[in-house]
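There are two complexes below, and they share chain A, which is joined by chain B in the first and by chain C in the second.
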Partner chain A sequence: MSLAIRQCLTILLLAVIPAIGTGVWHPKRPSWQSDEVTVAVARSWGASALWVDARADADFENGHIPGALPLNEERWDDLLPGVVDAWDPGRKIVVYCSSLSCQTSRDVARRLREEVSLPNVFVLQGGWEAWEAAQK
Partner chain B sequence: MSRSSQRIIAAGIGVIFLIAGMMKVLDPAAFAVDILNYRILPWTGAVALALYLPWVEIFCGAALVLHRGYRGALCIAAGLFAMFIGAYGSTRPRGLDVACGCFGHGAHRGYWPLLIGDGLLLAATLWLLKAEFRPLSPVIRAGREERAG
Partner chain C sequence: MARADLRWAATTVYAAAEPSDGVATAEAVFTNTGSYPIKVTATHTSCGCTAAVTDGRAVAPGQTGKIEITFKTLGRRGLYEEPILIETDDPKAKESAITLRVLIRNPVELLPTLLFWQAGEALTPKVIRVTVGDGFVLKNIDATCADPGVDLKLEPVRAGAVYKLTVTPKTENVKATITVTPEIEGRATKALTAHVRVI
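Here is the complex of A and B:
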């Protein structure tokens, strides 16, 4: 049994070394700073927040945050110019999708950072559901 | 079941870990998001785990394939499977529908197939562990002691 524990510890400790290397040098290393913002924080930014709706077109047409621009991955090339035109260096982009577990807002936020090199891109925690709940 | 069959099964589990770890190492930022979506850890915890877990999987997988540090690797493998089943199993009751992130960003195989698959892998790993810790027969033990002098 003690042999198994020693082997466990060896494997777990060995993994620390490349993990540190990944955190320091990997080109796709995650930032330690969270990019999620709550509805309250994003609303406090007022007009400096540029809302981006990452949901499908049909969902956007059914309802969206006032002033939000649509930008989904299905029509990325068509919709991106609208977002880039509306953006200026003083604005913070807040991307949202439908709910807490949806993924599209993260994917869109990531593409805005990596492909368009836009700074200050945030993801709305809880998405459209959280926004609607905050209105009640 | 014979020793060689046990080794083949262990190597199979090892290969699964190796592939899973390598897929995650390719894009740790995306894996951190997958972990965050489970809503168990805060962002910093998700980042730390995204940097560390893939390498544990790789080393554990390599140990199982190469049969080095075998018992320790089996213990870690069982722990990882149990941890994943617990974490992923808790998502649906909490109203979450997350991509498991098992083989890289966005990998989504469905809730029950994934839990059943991982349950089977956990069972196989526990069975290998049980076989590994089974007391040796007196004949084999005597032979080993004799060889050891």
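Here is the complex of A and C:
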């Protein structure tokens, strides 16, 4: 019986060692931190937050977070240079779209991380509606 | 006894396209395995980029129906996962959830699309990887930068498949765009851009 337990523990140990190594050093390891931030947290970053509006141009024109830059996928190549120019390594990018269920901000955040290789890219929980609610 | 049952051929449907295609399309097929007709009454998607359309006809028991899904590809790149909610007039099976997974790729991709040198950072070379998608035949490729303050060197890692574009700024305060122009057999030439910033 004790031999079986020892063998199980050995197998477990042999599996855990490479798993820990992968989790710590693998270049594509999953993030331990959520990439979502609340309005309160993002606002607490002050001027170091770079707001990026992932909604369509018409929505952006109707209203947006002060200082936000538009970056929707329909005009990605046209709008990306504006975000790149405003970014510096000390800034945190906060991408938002129109509501909790909106996937667009996550897609834009993914592309900023993967294609442009920008660090510190976050998605605003609740999007534009959460921002508006926080102003009331 | 009357019973409802709506079976999906797959609850995840796949599509692939290029950004310039405009749309990617997929079909979600279901079978009514119940004992009375079912009609899809509404579809809900999470963004304006996805549309899910049904013909609105009742599907008789034993028959199949389908949802035509389109996804706008213009400007998009990468893997997209879009949830779609289907509503029917059957109170026993009112909602179904399916997922559209779309892979959007250009025939040639650059990675990354921004090279950045911070203030005080040594102006050492950095690399953009140029990858040609499977099945595309590259006839020629060229990289240019209008800014004379940026040196470019494009060399093959695996000719026709992977290239290394080495970028070296010669001065500070550079804000430049690199244009990579691949010539793909049977395709109109479409230039790709990457950005160089030196503070």
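As a convention for this text, the second predicted complex is superposed on the first by the 106 of 136 C-alpha atoms of A that agree within 3 Å, B and C clash if a C-alpha of one lies under 4 Å from a C-alpha of the other, contacts with A are read in each partner's own complex, and residues count from 1 in each chain.
Just so we're on the same page, contacts are C-beta pairs under 8 Å (C-beta built on N, C-alpha and C of every residue); 3 or more make two chains touch, one makes a residue touch a chain.
These figures come from a predicted structure and were not determined experimentally.
S.K.: Regarding the shared-chain residue A:A19, is it in contact with chain B (first), chain C (second), both, or neither?
M.R.: The first partner, chain B, only.
S.K.: Is A:T10 touching the first partner chain B, the second partner chain C, both, or neither of them?
M.R.: In the superposed model, A:T10 contacts chain B only, not chain C.
S.K.: Could you look at A:Q135 and tell me whether it touches chain B, chain C, both or neither (first, second, both, neither)?
M.R.: neither
S.K.: Quick one: classify A:E74 as touching chain B (first), chain C (second), both or neither.
M.R.: second
S.K.: Classify the contacts of A:A56 with the two partner chains as first (chain B alone), second (chain C alone), both, or neither.
M.R.: In the superposition, A:A56 contacts chain C only.
S.K.: If you stack the two complexes on chain A, which partner ends up touching A:P89: first (chain B), second (chain C), both, or neither?
M.R.: second
S.K.: Considering only the touch criterion stated at the top, classify A:Q103 as touching first (chain B), second (chain C), both, or neither.
M.R.: A:Q103: touches chain B and chain C.
S.K.: Which partner reaches more residues of chain A, chain B or chain C?
M.R.: Touching more residues of chain A than the other partner does is B.
S.K.: Which positions of chain A sit in both the chain B and the chain C interface?
M.R.: Shared contact residues on chain A: 101, 103, 110.
S.K.: For a test of understanding, state which residues of chain A touch chain B in their complex under the given definition.
M.R.: Contacts found on chain A: 1, 3-12, 14-16, 18-20, 22-23, 26, 28-34, 36, 100-101, 103, 106, 110.
S.K.: Applying the document's contact rule, which stretches of chain A touch chain C when the two form their complex?
M.R.: Checking each residue of chain A against chain C gives 56, 72-77, 80-81, 84-85, 88-89, 97, 101-104, 107, 110-111, 114-118.
S.K.: Any idea which chain B residues touch chain A in the complex?
M.R.: By the definition above, chain B touches chain A via 25-30, 32-33, 37, 39, 42-44, 46-47, 50-52, 54-56, 58-60, 63, 69-76, 91, 95-99, 106, 133.
S.K.: Quick one: which bits of chain C touch chain A in the complex? Just the residue numbers, please.
M.R.: Within the complex, chain C contacts chain A at residues 46-49, 72, 74-78, 80-83, 111-114, 116, 118, 175, 177, 193, 195, 197, 199.
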